[in-house]
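Have a look at these structures, which come just after this line.
Note that chain A is present in both complexes that follow, paired respectively with chain B and with chain C.
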Partner chain A sequence: MVEILLVPLITAFISDIFIKNKRLVWFLFLISNGYILYKLYSLYGKWDLTYILNTDYQIFGAKLSLGLSNNPLGWYFAFFSAVVTLVIAIFSIGFNTNSKGNVAPIWMLIIFANLGIFYAADWITFFMMWELMGWTSFFAITNGNTKALDGAKYYLALSLLGGSSMLIAILLLGAYTKTFIIITSAYRLIQLFNLAEGVFTTILLLFIMAFFIKSAIFPFYMWPSKVYAVGPEDYIAFMSSVMIKYGIYPMAIFIVPVIGNLQLPKIFNAGNWMQYFIGYLGALSAVVGTLLAMFQTDMKKLFAYSSVANMGYILLGFASMSIVGFEGSLFHVVNHIVLKAAIFLSLAAVVYRTGESEMHKLGGLVYKMPITFLTFLFGIIAAAGIPPLNGFGSKWMIIQALMEKKMVVLVISMVFASTGAFMYLFRALVSIFLGQLPERYKDVKEVPYTMSIPMIIMMGLMLLIGVVPGVVMKPLTIALDALGYKVDIATWTTLSSSFKNATIDLKIVFYMFAMGIVVAALMYLFGNKSETIPQHDNYTAGENPIEWGVDADKFNYSYSFYQPFKEMFDPLFERISIDRFFSSIGKNFEYISPTIQGLYKRGEGAVLLFSIGVLLFILGGWIL
Partner chain B sequence: MNSIVFLVVIPIIAAFLSLFLGKVNKLIAYIVTIFNLSFSIVVLVSGKIPFNVAIGGWRAPYGINFVVSDITIFFLLLINVAAVLSLTTIKEHMEYQFYAFYFILLAATNGMVLTGDIFNFYLFTELTTFAIGGLVAYKRDRLATGASLKYLILSSTASTFSLAAIGLIYKTLGTLNFADIASKISNLNKASLSLILILFISSMLVELKIFPFNIWVVKAYDASIPAVNLFLHGMVSTAGVYGAIRILLMVFSKNSIMLSQSSNIANILILLAFITVIISEIGALTEKNLIKVLAFSSMAQLGIFLFGISLGNYEALKGAFYIVISNYFAKFVMFIVAKNYSVIAGSRNYEDMKGLGRKYPGLAIAFTISALSLMGMPFFAGFWGKLSIVGNALLMDKIAIIGVIIILISSVIEGVYYLRISHTFFSDGNIQDTKLSRINCVLPIILAAVILIIGIYPNSIENIIWTMINEIQNTPEKYIQVILPLK
Partner chain C sequence: MIAAIRVFGYSLFAIFIGLLFMGIGRKIIARIQLRLGPPFYQAFLDVGKLFARKSITHNFVMDLGMIMSLAGLLSTMLFVPVAGHMAIKTSSNLILIIYLMAIGHLGMAMAAAASGNPNATIGVSRALTMMLGYEIPFFTVMLGLIIFNGTSSLELIAQSQAGGILNWNMVKFPLGFLAAEIALQAIMGEKPFDAMVAPAEIASGPMVELGGKYLGLAFLTHAVSIFVETGIMVNLFMGGASNVFTFVLKQFEIYLITILIEAVFPRFRIEQAVKFLWTVPMSIAVVQLAIILL
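Now for the complex of A and B:
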């Protein structure tokens, strides 16, 4: 049980020593990830395994003990993230042959923290791993790249803020429930809630804040776009797929069961205020994430906002507080891990070959990089939630659960976001892969096998989960069953739902789509042939853009693709910018800083300040 | 164990001799410092702790006495280890003034920790002030002289206050002995106690670098040579911390409770503590001079320490000890790294140190570990301190909760500026072809490893800290009766 944590730690240490030898380090990285996956596979079903480390450290009058346990839900998260991590690890070997920095050792530490978070039995262990993940990811993002500092700093500040709020929550929870064990503290919190309602509500809100920061839920939705745009692409694939789920996991094991069992007054007979709080924040992230994704010109930023929207869907499923919604959310976690990893791997492949991530500067890569194109296509079909691939089933379950609970506003926002997803996904596809190939990319080749094979595996995974959702749903339902939820063990290809006669068989859906593809192929083969024209032919009206002082790229149709749509929503985003609010806090601190430095630089006020201090004492000692 | 006076006497003799010895001074300095360190270790392992030495045979309440208890020996070791480690960073030739002042500083800081008499304590504090004033000014430029003067002015203002406090104590209680004061303090009326505390604490906060009294800190660090930075951090601050623990928690606390929550002094100390923390962290946020950043951050750490001891809770006090230990090691690492890197980069601006972390990764990693420890990240020593202090402060009254929130916010700021510096070390940069001997990297790595060990395995230090807290908890049996056995 412990070796699963020791292996990444030791690997991190060894690869730190041999950091100059890239081949060895990335090979070790792959081996280690393979071992973790194998070990996780062997841990399946052994839910009683625990490991306790007793310390002499005393807090709240009791000795602290740190523990790990094979929690079924933790296993579920850890296993599927390990699968995707292994695929990314294969990709990294090829991707990093020419890269400048070497992110492997710090990435291995993050994997250590990753497993620690999913396997922690008590809050202190959880917090230790959580904070470790926070600062290591700062170094992984910057990776010695000066340009990455601003985004990474933003992420770090938010992450430390979340850590602080979680520390307060954990310590209050520990002091009031007399335990740090996650499961026990949840039970006691439910029992004791009415005794100290204010404190426990504060605890829950502080926890929720920490988790929302890490999962980029509404008020904290900006960091992915800042971070994903600058980090090393292969690591970002891991971050956008696996790391953004760290906030979801504790929501699933702690917040959702607790809020579901609290005896709070209900609003409209549908749910209590906390449920609505989570739901509306989820809905806001889904809508805001979708809108912002449409307006991006950088492809990595676009998919960063798409992640925000997807985290919103997961929260919507949680907010329904029904078992179908819960299953749907957890299913969507895995779906999102797989599809986001696939999309980011294909983006990494594009960046690897072209060095460009602005979409209007790309185009037509479908002819040059067919496998990358196919992966991306599969990824966006899955992300849009179109049936033969994964992503459909989970959204379907979440919407059903919300409908059943009559949370109509949330359903509307989810449908809006899913529809909007078509807009930005299609736009990305068109801008990057379709259209015409710019002159400068005439010599671009498909990526080497080490990178194309992982992408093919990802395609296979998406199709597999899409057609046979049982590969995910079976372990999930078994894990939930082991945790004591009343669930039916899922079958291989059908998805049950909360309504009568709404069970669907994805096998049949797949056959229908396969027929559709055959028909489309026939139409392509026997239809009219296409005609090729030069790229800047049709929209500059004979003028040379250079003479007008503008770049030809700016006239590309994929620059400001949704301009009219953007103008429609601009007033909203002009006026309300959470991003600007958070940055201004940081800026204000930076403005005060020189003032304080000046205080220490000049000495005129030294004795004056001294006297003020003494005066304060005298006032405090006698008058107060 | 009458020979304990050697710890003070030998450095003073050496200070006198150093005026005549010229080039041998360096050797003498090593010999004397290592003697002090090994003598402290001998005392530690001799098993005679606690014991009391009456100087000149004058028994306790009447004469001056040196006391060695668990807390004393712990701080004695910290100070002497700091002295040895700081000496190792001196590579170039130093003139006799430097060594003379250094020996005085060594004697004075050892004396501050050993003495059991409040007036004697005051004298040693004055001696420290005087020595540091000389050491800061050793660079002999405009900045150094200014910084030194500033420090001297503030310290002498402070010492006036403490002299007044001592006079008041003598007037009201008729004694100057720590143990005697501690046993009689409950007879004192509230107003006199408040006045004495106000006067004494305000003088002590100068050494503790707490906000309205710490205007000297940044300039003094910036103006002095690296070894003096380490003296200031490792010896003077540590002695100041000892003074705070001994005098606030053991001498001036009624009925062996710590500064109780009900008293306003404790509340004001909490207030000043978290103001110090937030002000120094914000000050460090945009500072480019690495030494100044470290100076700001050391004020913040002492602010957290003061917050911990003012809460009046033994677990929070334990956290404060962890903070002291973590800060002690971490700042050592950071000052040494700053020194080495600034020598290579030719400037103290950390932005000029780009890429040095790639060439000398050991130093940069040690710096990062220390920074993470100061931020209170888990797996590093500072985490256990933060956990204890925050956890216990949350269960206190409103002012403590506000303090916790402010301290956590400032730890976010601290994280941002420290990790930005670490990132700068590891980023691409043009490195000049300067050679840094690998030996310079060994010491920071060892100290960083200590931080890591304490962080991963808190048992290593937990029991030592509890022994010291035990002494504070049972002041009458463990301290007063050692000195005044008749009672």
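Now for the complex of A and C:
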């Protein structure tokens, strides 16, 4: 049990010593991830494994202990992130042969924190791991690159905000429920809620704020676009798929069960205000993320906003507070881990070969990088939620759950976001891979095998989960069953909701699609022969531009792809900007900080600050 | 084996009906505009001719995209109950149908973009924008029906309207039907919502580089999409049908309305179209939804 945490920690130290030897470090990284996956596989089903380190200390009457437990949901998150991490680790070996920095040791430390978060039994361990993850990811993003500093600082500042609000929430929770154990504190919170409604609501909101910051939900949706654009690409694949789920996991084990069991007055017989609070923030993230993704020119920023939208879907599933929605959300977590990793791996491959991430400067790469193209195509089909790939099942479940609860505004915004997803996903496909190949990329080659094999594995995973959702749903339902939820253990290929006659068999969907392909291919073969000709033969109507004394220009329609549509939204985005709101706060701090700095640089200021501190200390003691 | 034959039969049937509708539609438009017009079987002749011609392609993505688009729509068609019959018995889930239909659009868009012509890409960008425009009001109408019937199965919604014209959702929810009709006009890409094709501006948009059997496949895709879209409308609002003949007749009624509007209207610019779809049909649909919920 403990060795699962010790192995990444030791690997991090060893690879820190041998940091110059890239081959060795990345090989260690791969081996260590393989071991973690194997170990997690062997932990499946042993839900009562725990490891508690008791201390004699008490805070507010709550006993302080550090503990790990094999929580079924934690296992579910950890296992599927380990699968994807292993695939990314294979990719990293090839990707990092020529890279400048070496992110492996710090990344290993993040994986340690990752497992710690998913396996923490109490809030203190959870918080420690959370903070470790916060500052280590700062170094992983910058990775010796000064250009990345701005984005990373933004991320660090938000992490600190989230961390401090979580610390306050944990201490208040400890003071009122007299325990730091996560499960016990949830039970006590539900029992004691009516005694101190204001305090417990504050605790929940503080927790929610911390989790929302980490998962980039609506008011905090800016950091992915700033961070993903600058970080090392293979690490960003991990960050966008696994790390953005850290906020979702505590939502699933703590916030959702608590809110679901609170006896709060219902609005329109559908849900209590907290449910709507989560739901509307989720809907806003889905819609705003989608709209912003459409108007990006940098492909990594585009998919950063797409992640924001996907986190919104997950919250919408939580907001339904029904078992179908809950399962759908947790299923979507894994689907998003897989498909976002696939997309970012193919983007990393593009950047590896071209060094360019502005979409309108690329184009026509499909002729040079067909495997990367196919991975990306699979990824966007999955991300758009089109069967038979994996994004569909979970979206379907979330929509069913919301419709069943008659949460019409939420379900309409969900459909808006997932239809809008076609727009930005397709725009990326066109701009990067289709159209005409610019002259400067005519020598680009497909990526080496170490990078293409992981991408092929990702394609296989997406198809597997899409056609046989049971590979994820079975462990999920068994885990939920072990936690005491009333669920039916899922079958291999069917998904069901509690509507009448609402069971879909994804195997049949796949067969139907395969048959459609067969019929269409027959039609295609039935037609007369076709001949492949270069684009210019048709494009310039058979004329040779050189003979006319002009250059053969290449036109790609990819810059400001949705210009007319964007103009519709321009007034809105000009008026409302969360980013501007945050930067105005930042500016105010900048004005204040020299004043404060001046205070403690000079002698009298230090005395003043000291006396204020003492005063606050005394006041604090008096109040408590 | 029998399932495969049934699937093949259903596919050919849908293609046949769709092409027949296209031919009749052209004839009707011609008569409205005081022209003689082509014979009603013209679409069959066109497709035959196109498949017989030699054609050009630019790369494998174009071929793949065309096959994907026809395959996507054919597999969607298999989930739409035709007078209660389906090729393979399964739950005809509305959400599944809507999402599955998208793969056809995606394939078509991919083929068009792979042809490398900027006009085609502009057409695709407009088509996707239009998609966001019509999907919202259409889904809102469907949501009302789904909540009213307590099921998201298209087959059950069709069955619930059995027993005479007064039970049809068209009569029970006239506002919803109106909104869905306006959205349908955009779904089918007919005027005033044909900015993505716009022959005068962007040379037929996505179709600009297609010729020979590629254009033929695009014709077939369009035929199947007509069948699917009118089929969904018939099941949602006109109570399905007891036999295939009545079903096709009802489909033709829906198609006729579309054609009549198409024949006399000019074209919206793309942002006007989206604004219109998000205001007029959307507010009608919201009123209908509110009536159902309250």
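Here, the second predicted complex is superposed on the first by the 547 of 624 C-alpha atoms of A that agree within 3 Å, B and C clash if a C-alpha of one lies under 4 Å from a C-alpha of the other, contacts with A are read in each partner's own complex, and residues count from 1 in each chain.
Keep in mind that, in the parts below, contacts are C-beta pairs under 8 Å (C-beta built on N, C-alpha and C of every residue); 3 or more make two chains touch, one makes a residue touch a chain.
As the structure is a computational prediction, the values presented were derived from the model and not from experiment.
Contacts of A:T202 after superposition on the shared chain: neither chain B nor chain C is touched. Legend: residue contacts after superposition of the two complexes on their common chain; A:F561 is shown touching chain C, with no touch to chain B.
In the overlay built on the shared chain, the residue A:F60 is in contact with chain B alone; chain C does not reach it.
When both complexes are overlaid on chain A, the residue A:N261 reaches neither chain B nor chain C.
Once the two complexes are overlaid on the shared chain, A:F589 sits against chain B while remaining clear of chain C. When both complexes are overlaid on chain A, the residue A:I618 reaches chain B alone and has no touch with chain C.
Annotation for chain A, partner touching more residues between chain B and chain C: C. After overlaying the two complexes on the shared chain, residue contacts for A:V408 are found with chain C alone; chain B is out of touch. Those residues of chain B lying in contact with chain A across their complex are 146, 150, 153-154, 157-158, 161, 191, 194-195, 197-198, 201-202, 205-206, 211-213, 215-219, 264-265, 267-268, 272, 279-280, 282-287, 292, 296, 315, 318, 354, 358, 372, 375, 377-379, 383-384, 386-388, 390-392, 394-395, 404-405, 408-409, 411-413, 415-416, 419-420, 422-423, 426-428, 457-459, 462-463, 466. The residues of chain C lying in touch with chain A in their complex are 4, 7-8, 11, 50-59, 61, 63, 66-68, 70-75, 78-79, 87-88, 90-91, 93, 95-96, 99-100, 102-103, 105-106, 109-110, 113-118, 121-122, 124-125, 128-129, 131-132, 135-136, 139-140, 143, 146-147, 150-153, 155-156, 209, 212-214, 216-217, 220, 269-271, 274-275, 289, 293. On the chain A side of its complex with chain C, the touching residues are 364, 366-367, 373, 377, 381, 384-387, 392, 395-396, 399-400, 403, 406, 408, 411-412, 415-416, 419-420, 422-423, 426-427, 429-430, 434-436, 497, 499-505, 508-509, 511-513, 515-517, 519-521, 523-524, 526-535, 537-539, 555-558, 561-562, 564-565, 567-568. Within the complex formed with chain B, the chain A residues making contact are 55-61, 100, 124, 127-129, 131-132, 135, 138-139, 142, 144-146, 149, 152-153, 156-157, 160-161, 164, 167-168, 171-172, 174-175, 589-590, 592-594, 596-597, 599-601, 603, 605-607, 609-610, 612-614, 616-618, 620-622, 624.
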